[in-house]
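Each of the next two complexes has subunit A plus one more chain, namely subunit B in the first and subunit C in the second.
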Partner chain A sequence: MTLRLGVEPRARPALPVRLGVPVASLLAAGLAGAVVILVAGASPVEAYRTMLDASLNGVRPLTRTLVLATPLILTGLAAAVAFRMKVWNIGAEGQLYMGAIAAAGLALALPSGTPKPLMLLVILVAGAVAGALWAGLAALPKAYFNTNEVITTLMLNFVALYFMNYLIFGSVSFWRDPEAMFPQGKLIPASAQLPIISHRLHYGLLVALAAALVLWWSLRGTTWGFELRTIGDSPAASRYAGMSVSGKVLSVLALSGALAGVAGAIEVSGVLKTLDPRAIATELGFTGIVVAAVARLNPLGVVPVAVLLGAVVASGTNLQTVGLEAEIVFLLQGLIFLFVAAGEFFLANRLVFPRTAAAVGSP
Partner chain B sequence: MNDTVLVLSVVSAIVAGTPILFAALGEILTERSGVMNLGVEGMMLIGGVTGFWAGVQTGNLWLALLAGGLAGAALSGIHALLAISLRVNQIVSGLALVIVGGGLSAFWGSSGDDPLIQSFNGVRVEPLLPEALRDLPAVGPIVFGHDPVVYVSWLIVAAAAYFLYRTTPGLSLRAVGEDPAAADAAGLSVTGIRYLFTLVGGFGAGVGGVYLALVVLGTWQTGMTAGAGWIAVALVILAGWRPWLALAASYVFGALRTLGFTLQIAGVEVPSDFLNMIPFVVTFLVVIVVSANPERARRVGAPASLGEPYSREAR
Partner chain C sequence: MADVGETILEVHDLNKAFYGVAANDRVNFDLRSGEVHGLLGENGAGKSTLCSVLAGLYRPDSGEVRLDGRPVTLRSPHEAAEHGIGMVYQHFRLVPSLTVAENLVLGLKGQGIRLTLRAVQNRVAAIAEEYGLTVHPDSYVWQLSVGEQQRVEILKQLYRGARILILDEPTAVLAPHECERLYEVVRHMADQGHSVVLVSHKMEEILGHTDRVTVLRHGRNAGTVNTAETTAAILATMMIGTEHLPEPGQHAVRRLDHAPVVLSVENLQVGGDRGVLAVDGASVEVRRGQIVGVAGVAGNGQRELQEAIAGLRAIRSGSVRLGERDITAASPRERSRAGLAYVPEDRLGTGLASGLTIEENLVLKSYREPPHSRLGVLSSSAVGTTARTLIERFDVRGARRGMAVSLMSGGNLQKAILARELSRSHDVLLAASPTRGLDLAATAAVRAHIRAETGEGRGVLLFSEDLAEITELADVIVVMSRGRIVGSYTPETLDVEELGLLMTGAEGMVQAAVRDGGSEA
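For the complex of A and B:
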């Protein structure tokens, strides 16, 4: 008798499977990370305990984690909404930079006496518009020529990065503080800074949570969301049903870019208080893709996953106390992404155990 | 004559284009089998750090290239498993490779008692041909002045073109990429061929990473590719999945990447951030132009099954 595991596709899996597979993937990634930590000569138990302490144990670590989770919720939503329609926006990174540049620019340009609510509204809208327009540069060719958006959105990341560097390091631009000895941005006025909830945690978190709720509802409860999901599952059938696929590509990429742009605006207004390219270019856009993948593109799932990955990022520097370089957090993110991607197979397929195979096999 | 701006810039374009060429050639072979591996950036980084480490250990360029190639292939093996066997979305799996490769290489390169970052590699890279040829005006430095790896890359381009269009295994590879069901019916192992050429593609990206670290930059830096892997992915499209066009396009991109150096010796002042932008702006524009012309897009078309997993049962 040959023991051969069969595989068969399955329809929408039950809830325990939909939750269990991502959790199992996370545990597997944690185990693989433990192996790497062992090979690097540190103790995995100590490393993971340090990570938990540094990210979740107490008010101060917890707020730090939530500060990092805030932009990840938004970039996670940016990836989730685009990927749901199988539009591969890999450009959240650049869209976030453009949002940060626009927000900082308006915060500096408007009179500092502008009422705070108005100022904050203007900044966030500016971030959204800048992100949407930057995504639009890739969305227009995608909609009209079917240009590969993976390449175009990615190329625009580098253009935005160098543009942001130019504004602070390469020139004495409007954004740069002319008095400072080293190149750095001007401080935005107090009226442009998001109010604080506790410690360094700012109200940007509520903006991100609201965005998650609204997006979740829009995908489930509106025609727009229904069309988006239908096009994602079958573009040909949707065209036949009379849906405008190219119009939807434009609106989805613009929305995705806007969410990433708001993340950039919130980083400037709530955390950095200035346009600081080094502090903004920390792969928040790419980590958002991991967030969306782990959350299986569900906007509500994005929130806890962003907190989890925010915790991983938050604990990076603390790992040096157990003899690990901070770069380990990128490796852990990559492992999580890899195992979650592999987990998709087990959600789409069911394993058939050899008992049934043996029944039809040779004796 | 041999140190005019033009000659120097052509030579530096060839050196700067060589890592992209290796990576793009590998990706062409992978995509010809119907598998799209977007993880080139990650495979170049993991290949680069491994090859750099091997170079520091042995001082031997060829061992370094081999080690880096094998590391790139090992990472691409993960993509093969996910994309071919587990039929995971190839874009997601490729992106995962970028993040894993970037993270692992950054971690390895910066940790330990003797981190690889900024260390001296001690690998000597000498020109291959005799001095009499290298001293010829213009053609000397441009054609005869290179290190052996550049000549190897030319041989590989020729071999890849011959293999794809003139041999039976090359035909099998193209058949699997165009119509896996028909190839399967004809007795070809779709899975086997796709695995093999995904690994070959990873090897190419790894070799490109080693050349970038050891020869172009001369040192290991975290994230040293700075988008070179993505340019290679785009270049496959621009070259229409053809090896010889990939050679030409790689050198054009090499020239764009070294444009700052060229303009500097020509005495032109352009902010370096804008110079750094140029390869990405050009790639962005050219990808759009290529797709905007439907006639051309059809002629240089991608392998028909590119990015689609094959399952015999699902037909």
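For the complex of A and C:
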């Protein structure tokens, strides 16, 4: 008798399965990572312990991780909300840059004596608006001429990147510090800097968490979220139900861009204190896509996933102490994505062992 | 007529079922060399299944296929091609970015790595000339018209040595002048000794361009006749059958000629997916308490007409009125609020959002209205209450909380759609193939709901390919063909033969028949 595994679709996975499968996927990714670390000539146990120490063990490592996780939560939400409607916004990267440029610009333009709450509100809103408008450049042709948003949003990333580089490196712009010997941005005033919770952790984290909660609730509990999920699920059914698909494309892409833009504003205000193209162009937007995918497009799931990826990134430099390259963390990130994606299969299907098949009496 | 030779292909007692439903039930068929053999039947009569078995696409459950007297098994289209059987599908299987010659050799074995296209081109040119299939071997397929692409498909089969050609509704995609050219090619192939199976539900085509006709009905043989010895009327009766003619008195015909009109469609023109007019001047009226059934072969503009009435497809000209109100330019939501309930043909995907739960689907049209939502905030308790009420009232089974509707059975899906549509205030129900694919119990339940509509003084416009359903339910039966309403009957005046002629696009023959009848009387 040949041994054959059968596969059948699951109706709706029970909670233990829904939680157990991602955990098992992460463990499997860790095992595969261990093999890579071994091959690279280091001890996996030591490497993983170093990573834990550098990212989660203690207040200082933890704050470092959370600082890195904050923009990833926002770009993760940006991807999740668009992908839920099957609108593929690959442009969070550029929308984040535009948010950073707008926030830094207003922080520098407003009088430095502006009251801090007002100043912070203005620059966060400026970041959101700039991100939304940048996404809108792709959203308008998508909504009215059905252009492919994958291409337009992706290409706009480059436009935003080179525009930002031009402002600091290519010209003596309003953003650039004219006195500095090397090209760099002007420092924003203290009133435009996000207050600190502990060590380097700033209040931007709370903004990101609030955004996750509001978005999670909006998707389940509002007519806006209901329409978004219906259009994402069945465009024909949503038209049949009288929903306006093109209007929704506009609002969802604008919201997605706004979330990425806020991430850019928070990086400027809470971390960099200036428009620093090199420090901000660390693929936060693209990593957000990974975060959203691993979180299965659930806004609440985005938070732990962003923290996890933030922890992996935070431990990068410390890995050099055990004789590994810092780049190994990107490899680990890739492995996590790979195994979680594979785990999706086990969420949607169950394995049927031949014993049960034989009992039914197959020929 | 062509010289018809000996039998080359025989099919004996072919059975093929899909999910327990017989698509071919003891079908017999034979094909002679040099003949054009028409295969006639309604949608779902089993024509496509028979052809797909011959083309090696489906394996029969039982039965025998004999070629030149020897039994053969056709396990794949490739094996069928080796036996000289080639099929031209309605949807062409060509690569647009390649040339005609490249498409012809695509997938053929023994080509080597370097294509010797020169030789191919010469042979193609020779075959093309022999059969009058003028098409240039160097042209790219994307540059060709639909008719030319079809010629390439036929060329492809001839190039591969097909002696039996199956053409699946070949004129469905062609303009009239292209049809004439195709018929010439078909006749020419037959003269050269090829055999052609012409699948069609157009009466004129079958009568004008075949030597023999096999009619299928509900998956079974309804007979095979020589074309020269038959008439459109005989074929129409064979195709539709007489078993579902309503018994006199079985259907209580109501006199509703003076009831107010609740839905009026006037001279409507609607574009199809390919841009040509799919609905070309259709007019129909539904009165209070009346069920109007639209009979017709699928693909004659029914879907486009439904979508235009529901607001899902742009109307080029004409008007749609709901009661006193002109809704020609209204949005789908405005039409729904104005009193139009719509049960679409496509249940999962249009009627229901497949990934959403039963609760969410039941409020798909009322989620913006209180108590389901206020100021954009949904009330899950109100949605749940509505859902529970509807599930109980309409006996929707197999739904669990939070479960995606895609896991429910067809009958329960349809009940869920009816529950949502009929529970909203409405004057008109537009229902498309409401019982297709349902089991007996679900069918009966759906029909009972439709019938109950009239008691409430509402009007129903019922589209169905199942003539028995229409004769059972409708007070007025209209026929749709080529985008227009071409005939209207009451169950008393229903003439099945004439109806069949109209459905198959033979209006001219109806007029002739009426004239003949008149002269005899």
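Just so it is clear, the second predicted complex is superposed on the first by the 355 of 363 C-alpha atoms of A that agree within 3 Å, B and C clash if a C-alpha of one lies under 4 Å from a C-alpha of the other, contacts with A are read in each partner's own complex, and residues count from 1 in each chain.
Following the convention adopted for this analysis, a residue touches a chain if its C-beta (ideal position, glycine included) is under 8 Å from a C-beta of that chain, and two chains touch if they have at least 3 such contacts.
Remember, predicted model here, so these are calculated numbers, not experimental data.
Engineer: Determine, for the superposed model, which of the two partners subunit B and subunit C contacts more residues of subunit A.
Structural biologist: B
Engineer: After superposition on the shared chain, which partner residues are touched by A:345: those of subunit B (first), subunit C (second), both, or neither?
Structural biologist: In the superposition, A:345 contacts subunit B only.
Engineer: Check whether A:289 is in contact with subunit B, with subunit C, with both or with neither, and answer first, second, both or neither.
Structural biologist: After superposition on chain A, A:289 lies in contact with subunit B alone.
Engineer: On the A-aligned overlay, A:146 touches which partner chain: subunit B = first, subunit C = second, or both, or neither?
Structural biologist: first
Engineer: Looking at the overlay, what does A:242 touch: subunit B (first), subunit C (second), both, or neither?
Structural biologist: Only subunit C is touched by A:242; subunit B is not.
Engineer: Touching A:230, do we find subunit B (first), subunit C (second), both, or neither?
Structural biologist: A:230 contacts subunit C only, not subunit B.
Engineer: List the residues of subunit A that touch subunit B in one complex and subunit C in the other.
Structural biologist: none
Engineer: Which residues of subunit B touch subunit A once you look at their complex with the stated criterion?
Structural biologist: Touch list, subunit B to subunit A: 38, 78, 81-82, 86-89, 91-93, 95-104, 106-107, 110-112, 222, 226-227, 230, 233-234, 237, 271-274, 276-277, 280-281, 283-284, 287-288, 291-292, 313-314.
Engineer: In their complex, what parts of subunit A are in touch with subunit B?
Structural biologist: Where subunit A meets subunit B, its residues are 8-9, 36, 40, 88, 90, 137, 141, 145-148, 150-152, 154-156, 158-159, 162-163, 165-166, 169-171, 286, 289-290, 293, 324-325, 327-335, 337-338, 341-342, 344-345, 348.
Engineer: Considering the complex alone, what residue numbers of subunit C touch subunit A?
Structural biologist: 310, 312, 331-334, 336, 342, 344, 346, 349-356, 360, 364-365, 367-368, 373, 376-378, 380, 402-404, 407
Engineer: Touching residues of subunit A toward subunit C in the complex: what are they?
Structural biologist: Residues in contact with subunit C: 11-12, 220-224, 226, 229-230, 233-234, 236-242.
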